[in-house]
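Some structures are shown below for you to check.
Look for chain A in each of the two complexes below; its partner is chain B in the first and chain C in the second.
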Partner chain A sequence: MKNLYVDNINGYWYWPPLKVKFFSLALMLLGIIFSANPLVLAGNLTLILLITLAGGGGTALLSRLKAFVFFGLFIIAFHSVLNPANETMLFIFGLEGALYGSIVAMRLTGIVALAQIALITTPPRKIFLLFSSFHKDLGLIMLLLVGFIPVLQEELNNTSHAQQTRGLAWKNSIDKIRAYLAMIIPVIIKALFKAQGMASLLYLRGYDMQDRHLAKKQLRPLWAKGYRYLSALSIIYFLINVVMFTASKMKVWPI
Partner chain B sequence: MLKINNLTVRYPLSNVPALENINMQLSRGEIGIVTGGNDSGKSSILNAISGIAKSMLNAKTEGTCQVDGTISTVLQDSDLFLMPTVEEELEFPLIQYGESRSIRNIKVNQINEKLNLSNLSKRLMHTLSGGERQRVALAASMVTNSDLLLLDEPLAQLDPRGATLVTDLIRELADHGKTVLIASTSTGPYHQIADRFFWIDSGKMHWSGSPSSFLKVNEEARSMGIDVDGYGLFNRHQEEDYIYKNCMPTGRTVALDMSKVTYCYDKNFSLENIDLQIKKGGITAISGENGSGKSTLLKLAAAILKPQSGSISVLGRNIKGLDIAEATKKTGFLFQNPDHQIFQTQVDQELAWGLIKRGFSRSKAEEKTRYWLEKLSMKKLSKTHPYSLSKTCRQWIALAGVLVRTPPLLLLDEPTFGMDTNASRRFADIIMQVAKEGTTVLIITHNHALAAHCADRLIAMEKGFISN
Partner chain C sequence: MNRNLKILIIVVGIGINIVGGALNSALKLPIFLDTIGTILAAVLLGPWLGALTGILSNVFSGIFTNPVLIPFALVNGVIGLIVGFVAMKRGYEDYITPLIIGIILSIAAPLVGSPIAVYVFGGLTGGGVDILYGILLGSSERIFSSAFLARIPTNLVDKLISAYLVFFIYKALPPQWKATAAANKNKEKQGS
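Up next, the complex of A and B:
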């Protein structure tokens, strides 16, 4: 079973304090978001891959990006055929669309790669502690989110094995769609059971112990502790959007 | 310490109260056992005390339930956990109670030593076996040093050695002034340590008293599905009625043949150079410690796991390179958790699906389904939604889903898990009947009585090795 975190103490991605690492990853992310030249983007991507390969976690990253490569190729093909900006045609493939598609694909790959680096090189408990320092619940939300993925993977595996021993097999695509139903339904039901059980478990293990006996009816104002960070994050998100929008109006990037 | 007065619990969407007018009392340092058959309301008592019934399950409660001190609980479903690794799982409650880092470390180490968990502390929770996970859940509840411990079937998945370790530890805790309340269908393992027994039957307090007086009502308890004798789920005097060994292996043909099979899991040897031959016909039981590779063995036989070396042949056919569906053409595999496979909205459709997938026509499949539902006396359930039934019922549905195909080789992973005596007996009867008709059966079980009762060969596994 795969776990999101891959232990490798020698890699230098594992050394820096979490805040520093996340900050540098965020800077790289900004670089990828704002660079619009395919060559610059490709350079960025290679750099990220090289750094990660040299600094540990590279093989894990590559194996996880493998699935994404096909998605990227699909985006390029899609745009090269269907993008209305296509003028220079090569058979049915337009060059402009292919260029645009490759930019989108590389940008997406870069974002996914950075997120994966963060997940591969950070032990879940550190994510928990970092986000807990922002707000008590936020750490747990992140941890459960990250921790639930391998659990679901395992459940999916178990169900797939169980159904296959009952004769489930897929030879063509219609079979496959039908097979998904037989696999997805038990997994969703198990996930629901599990979520309820985990909620009970959180309660029993003393989560929220301090708050439990306090008055819960008081609604805290938006800017009270806890909402502040969410608000700040959404404002940053909004600002990035504004910057991107103005940049595109000012033709900072060509397309 | 614990005082319950006229407690009544009603779950939403249910007409019958789960608990009615329960009165019980436990003082400091006592161990109480809540017992009863499947779905009698044992867990509801623990849920009501711990507060989940009200806060999580939206139940309506009447009466009072008074506890002096802190509570910690082990849920019945030990597959649940919160943190990725064992270490963090044990640390989590302490963080919530606001302990400092050094104290957390000391306490976690202490509990690790007591429950023999030190070698697991770096492992990931989702890679643990059922019994190991249960020990971790126990440790996580004990680590906070609470005054009242509520344990729901704490021994369910443990091997005998682990079970004695836990019962001794519970007694030790009680001697140090803790109060323990255990819910279990079997009373046997607790006779030595318990101070009081509470027998719940369909939500009402049926009987309560000391262990010695419980011996007097043993016969009645037996008939209600409570396991009073201890280790097993079978009752001695009834066992003698059976002439077992009547489904001895017939002929020389081999149903399952493993030679020099090695399987590694994450660089740890799980099975090493296993040689195993199971003759056609008869029932073979596999038992062994938690984490000794029993489930791995079954999964190898069903081609779910691929061995690193060695060859496996099922009914004379080498299954190397076959996909799971093809390799299990003549094999039925029952997983411990029935929820892995149930997805239809009606019980009979659920059973028929497996047949249709194996190439039976719809009418033939429905006919077979009807036959087996009748045989397992589940006919009146055939149109109900599987998830509206209890877990034990779903286990039966999953078993029926395997049996409808009448496969020549049957692989069962802990099939009687969580069942009370009556249900396990019925299960054993069916399995022996099936075996008599020529099916080879391989059961993984901790239930020694079940193994002794119906198996004609017992295989003990220890850390990846086999001894007969």
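Up next, the complex of A and C:
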């Protein structure tokens, strides 16, 4: 299956252990999510982009963010025309709406950039190991899915060809819904049959509860020695953002 | 229903969510049709495992295609919870329960999804709903209300079709699946 991982051993973001990396990225995400101040958000965004470009995975991140630049411009344009808080107008474009749109676009780009850093720098094998450390069955569900979805897509393809051979065609929306139902129902029934077969196979291969903590042993703990600076820096980043957010809410900050 | 079969029904539910959403985009329908697997898993396994199916399907799609889908995992989880509790109370055998589920979900899913969409995306998702959202926003001057009302028609059609589809599939399941399904729990109490 297609995934977002790009192999580059020399980058900084490829070195930390998995839990430290995800914990620090989650804290940075929490720091961004509640900000509503455009200057703070712009500062955050440039900091994140600089970190990524310096730390490996930069070119892949920039190429993935290109689509979001267009979506962000669309958000800014939409809100500058249609936002109810528009007062100072230039033709049909208002200033307050453009400001609101730019805040939303910058926050969205920051969130997407952090998520992409996590996904570009982690091979899928490690992501499934992280799921397994929460509960043993979660990792099995994800791993079965990776193999099961291409089988479902193949079945959908075959069913689509078979139904079209039997005279299925669509022009307007009602026909499209009938065509959707005609194509998805055989796929669901076959998938339920396959589920029963796979459950028996799991039992035959002796899937039980003996190796409960194996995944937990394979991942280094959160306060692993050598990478505590990363967790500390992310906590400081989160606290700075929280201080700025509360300062702007209590009207201490001039903006 | 033993533990392995429960794991596999969750897997099938997530797979049908993803494949159903992909087919919906390929046919260019204005509705979503990406919660059929969640409703099926909630009817067969109960509310909490149905919610897990919903959350994991969005997380899995987010990891492998587009991380922008991960915030909407909450909507899918809430759909699993609601369907699970209603199916446990009423059973899923009569013709009225999918109608009730469709109407409740057409209000609950926009209610949970609109704040996420408005806060993270400014109300826009790049689909056909944006046109209706723009019309309502231009005339009513309120962001959250127009985002909420714009999503109700598509969600109504979408959830009614999904609930009735799962109803007809559940009706045709063999008895050993239905005997241990979560939707059957209260029937034993009412029968005895």
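By our rule, the second predicted complex is superposed on the first by the 136 of 255 C-alpha atoms of A that agree within 3 Å, B and C clash if a C-alpha of one lies under 4 Å from a C-alpha of the other, contacts with A are read in each partner's own complex, and residues count from 1 in each chain.
To be clear about the criterion, a residue touches a chain if its C-beta (ideal position, glycine included) is under 8 Å from a C-beta of that chain, and two chains touch if they have at least 3 such contacts.
Since this is a predicted model, take the numbers as computed values, not measurements.
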- Message: Tell me the contact category for A:F74 with respect to chain B and chain C: first, second, both or neither.
- Response: second
- Check the contacts made with chain A and report whether chain B or chain C touches more of its residues. C
- Item | chain B versus chain C as contact partner of A:I149, first or second or both or neither | second
- When the two structures are overlaid on chain A, which partner does A:Y5 contact: first (chain B), second (chain C), both, or neither? first
- Item | First, second, both or neither for A:I189, with chain B first and chain C second | both
- Could you say whether A:L168 touches chain B, chain C, both of them, or neither, answering first, second, both or neither? first
- Which of the two partners, first being chain B and second being chain C, lies in contact with A:L90: first, second, both, or neither? neither
- Task: With the two complexes superposed on chain A, say which partner A:Y180 touches: chain B (first), chain C (second), both, or neither.
- Result: second
- May I ask you to decide whether A:R125 touches chain B, chain C, both, or neither, giving the answer as first, second, both or neither? first
- Taking the superposition as given, does A:Y203 touch the first partner, chain B, the second, chain C, both, or neither? both
- For chain A, which residues lie in the overlap of the chain B contacts and the chain C contacts? 1, 3, 124, 144, 181, 185, 189, 194, 196, 198-200, 202-203, 207
- Seen from chain A, its contact residues with chain B in the complex are 1, 3, 5, 124-125, 143-144, 146-147, 150-151, 154-155, 158-159, 161-169, 181-182, 185-186, 189-190, 193-194, 196-210
- chain A partner contacts - residues on chain C that touch it in the complex: 2, 4-5, 7-12, 14-16, 18-20, 22-24, 27-30, 33, 36, 40, 56, 60, 62-65, 67-68, 70, 120-122, 124, 126, 130, 134, 137-138, 141-143, 161, 165, 169, 173
- Message: Using the touch definition from the top, list the residues of chain B that touch chain A in their complex.
- Response: 50-52, 55-56, 72-73, 75, 77, 79-85, 88, 92-93, 96-98, 124, 126-127, 140-141, 144, 299, 302, 304, 323-326, 328, 331-333, 335, 337, 339-343, 353-354, 357-359, 387, 401-402
- Residues of chain A defined as touching chain C within the complex: 1-4, 71, 74-75, 78-79, 82-84, 100-101, 104-105, 107-108, 111-112, 115-116, 119, 124, 127, 137-138, 140-142, 144-145, 148-149, 152-153, 156, 170, 173, 176-177, 179-181, 183-185, 187-189, 191-192, 194-196, 198-200, 202-203, 207
